[in-house]
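The following pair of complexes shares a single chain, subunit A, combined with subunit B in the former and subunit C in the latter.
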Partner chain A sequence: MAAAAFERRVLRRAAEHHYLRVRLELPDGGARPNAAQFKQLVVTALRELHGEVGAALPVDVLTYEEKSLSAILRVISSGLVKLWSALTLLGFYQNRRCAFRVLQVKPYISVSTCVIWQQ
Partner chain B sequence: MEGGARTHTFMLPGKLRTCLSITCQILPFFPCSARLQGSLGLWKMYGEGFKQKVSFLIPECGLLPEVLKSTIADIGDYYLVRSLPIHELVAHEFIDAFVKKGSCYALTYKTKIDQDNTAALLPNGKLILSVDKDTYEELGLQGRPSRYSGKKVMRYSAEGSTLMSYFSKHQIQALRPKITFSTLRDLQCPVLQSNDLQGKPEESCSTEELFEWLGAVLNQVSLDNKSSSFLSTYCCPEPNTVVEKAFLCTITGFIIPEKIIQLLEQLCCYFGEPKLAYWLTLTVHGFADSPVSWRESEHGFHKGGENLYNFVIFRNLDYWLQMAVGAHDDCPP
Partner chain C sequence: MVRFKNRYVLCEVVSEDPRCRQCIEDRALGLAVRDAIARVHGDYGLACCSISFTVKYLNAYTGTVLLRCRKDSYRLLCSALPFVRYLESRAQRYPCHLNTLHVGGTIRTCQKFLIQYNRTQLLRLLQNCTNEEERQCIQKSLLSCSLTEEQSQSGDEEEDDGTETD
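Showing the complex of A and B:
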């Protein structure tokens, strides 16, 4: 039997994109934004902190759940700090107080919430 | 152990009975492929630790394959024990009844590795404690500073002697892992060549593209966006093919490595008969807040608590093994 070929690649900090699991908190209990409005809010956050150049940063809303206001965002790795800082410092949505909670930041998509206890 | 009585809630996977001692050091004969058998020996090292979710995806398959039915049915329960003082873990009866039989794991429940005191029991009988400075000084155990606690050392790791206890006096709850099946229709799947990890333009996708795509599928991310789309521009890597159906199974709970090895073996046996699929995947997620990741390497949360590995098994039984850890982890061996 021929010997099996073996190849190993180690990639450190080589991810092209980073993925953020975020949740928007709207304590006033009013109308929830839909997916497009949510994306617009992210763009607004970038514009407020980083200007028009920041607002042009490509951010993908990969998933959005209107009920829990949680989403997975994808951003190019070089734009991670801009996006994360913009989300952190956003305080208002349509004159309503709000806050973004950044729950996890990863160089790949994976499930993060542990639901094994919710039985 | 005197003093420092802190109550924690523990969970134990597996049935509280004599196990078959299928630890990671004893691999049963693997009938499907001699070629993989040697490679699986290498993977035995990685197959340890605490796993919270296992998913496998089989393209060109609509139902749970026969070879997997018994393994899925026999995943086994895990147990949640509330308000268990750690000092009760030191009991010879428990060591004799469970630890010496092997395959006994425990992990503290809802503790954050970078904030709370966390404990983990490994099947070799080692108890790993990750505690804050005050607790460490109270315990009086010998340990070492955590490698991931920042410039000012605030966390310590300590290893106790083998210890276990019975939990009937405590509030113990048996839980069954949650198993979900779904059939994905018209799924875009990347084209892969087993001997080409980096991919070739217009011929095959790279390992990184496959990994990203798989994460998207497991998280129900839409794969057919346009580049002009406002919400998302993510799409399946090229080249890709559209498969009519793909079977996705997800098991969520406290899953021991022995079960995962069984699952892996059965998935390899899937290709024992001719199949349309060129490859299938098995993804295993560890706990983000576990104090250990690979073997007994210290694990930290940092920004995400990454701790997972993924197998891609090809029809010719070549395989890719992708392992992901975070900044507060050792590189897997």
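Showing the complex of A and C:
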């Protein structure tokens, strides 16, 4: 028996939302986007790659920090691939080069929403 | 068997403007459909649908169009067809819309459907005639239909249709 606490996360059914922790990299020291402009950037990325149907995907920006340009996005699980691919292929923000780094993708936002079996 | 499967989408171009008939050509229509797909489904949708996309058949008199695309992306194509709002050719823009009539796996099934559809449309045209003159005109043109080769069989078929409408 393992002495250390062993956590096993069991999700009974497929989650309806997926949560992405992303960071926007803007190498030049220009003006940083605020929360609304950030959301606009995400929707623009979706519109370029997936058209009007992609832009209509329900994406929410749950948290946004302007200092570090990192955010947590929530998207419906069927739209995860579209959102992730659109963020990957976005290259420009207001004619400045930028890149999205996707740090974490999880079907739950916090520990309390999933079952943890501790042994 | 491993082969590329296609879907053939049969549509009808409906327009209030009578001059639109002249500008129904394959390139203008192909561009309009591609443009609609790009707007609705973006770069990804455009690339998916353009793999094997052509306008296979076009009839400017009846406004019938047959489009071909890959089986994997025919749903993207069909969902973008209602977003075609105008046809543009020679710097003229004519408003129109596309009605999807049939989606088939081969050109032959689409042709079979089109023959059936044209028969019912002719019947409906005859019933909707407002005056006797139009009625006579349609009946006369039906009875005088014939092909240049193999006349006897197809001529008989058309005549049968003509007499049934009375």
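Going forward, the second predicted complex is superposed on the first by the 96 of 119 C-alpha atoms of A that agree within 3 Å, B and C clash if a C-alpha of one lies under 4 Å from a C-alpha of the other, contacts with A are read in each partner's own complex, and residues count from 1 in each chain.
Note that in this section a contact is a pair of C-beta atoms (placed from the backbone, for glycine too) under 8 Å apart; a residue touches a chain by one contact, two chains touch by 3 or more.
The shown structure was predicted, so the numbers you read here are calculated from the model rather than taken from an experiment.
**Q** Looking at A:I76 after the superposition, I want to know if it touches subunit B, subunit C, both of them or none. Which is it: first, second, both, neither?
**A** It touches nothing on subunit B or subunit C.
**Q** Please indicate which partner A:R47 is in contact with in the superposed arrangement: first for subunit B, second for subunit C, both, or neither.
**A** It touches subunit C, and subunit B stays clear.
**Q** Is A:L26 contacted by the first partner subunit B, the second partner subunit C, both or neither?
**A** A:L26 contacts neither subunit B nor subunit C.
**Q** Check whether A:K106 is in contact with subunit B, with subunit C, with both or with neither, and answer first, second, both or neither.
**A** In the superposition, A:K106 contacts subunit B only.
**Q** Going by the contact rule at the top, pick out the subunit A residues touching subunit B in the complex.
**A** Counting only subunit A, the residues touching subunit B are 1, 4-5, 7, 9-11, 14-17, 19, 35-36, 39, 58, 60-64, 72, 74, 104-112, 114-117, 119.
**Q** Per the contact definition, I'd like the list of subunit B residues that touch subunit A in the complex.
**A** Listed in rising order, the residues of subunit B that touch subunit A are 34-35, 38-39, 52-53, 80, 109-110, 175-178, 195, 197-198, 207-208, 211-212, 215-216, 218-222, 225, 230-234, 252-254, 285, 287-288, 303-306, 308, 324, 326, 331.
**Q** Which part of subunit C faces subunit A closely enough to touch in the complex?
**A** 37-45, 79
**Q** For the complex, give me every residue of subunit A touching subunit C.
**A** Touching subunit C: residues 46-54, 85 of subunit A.
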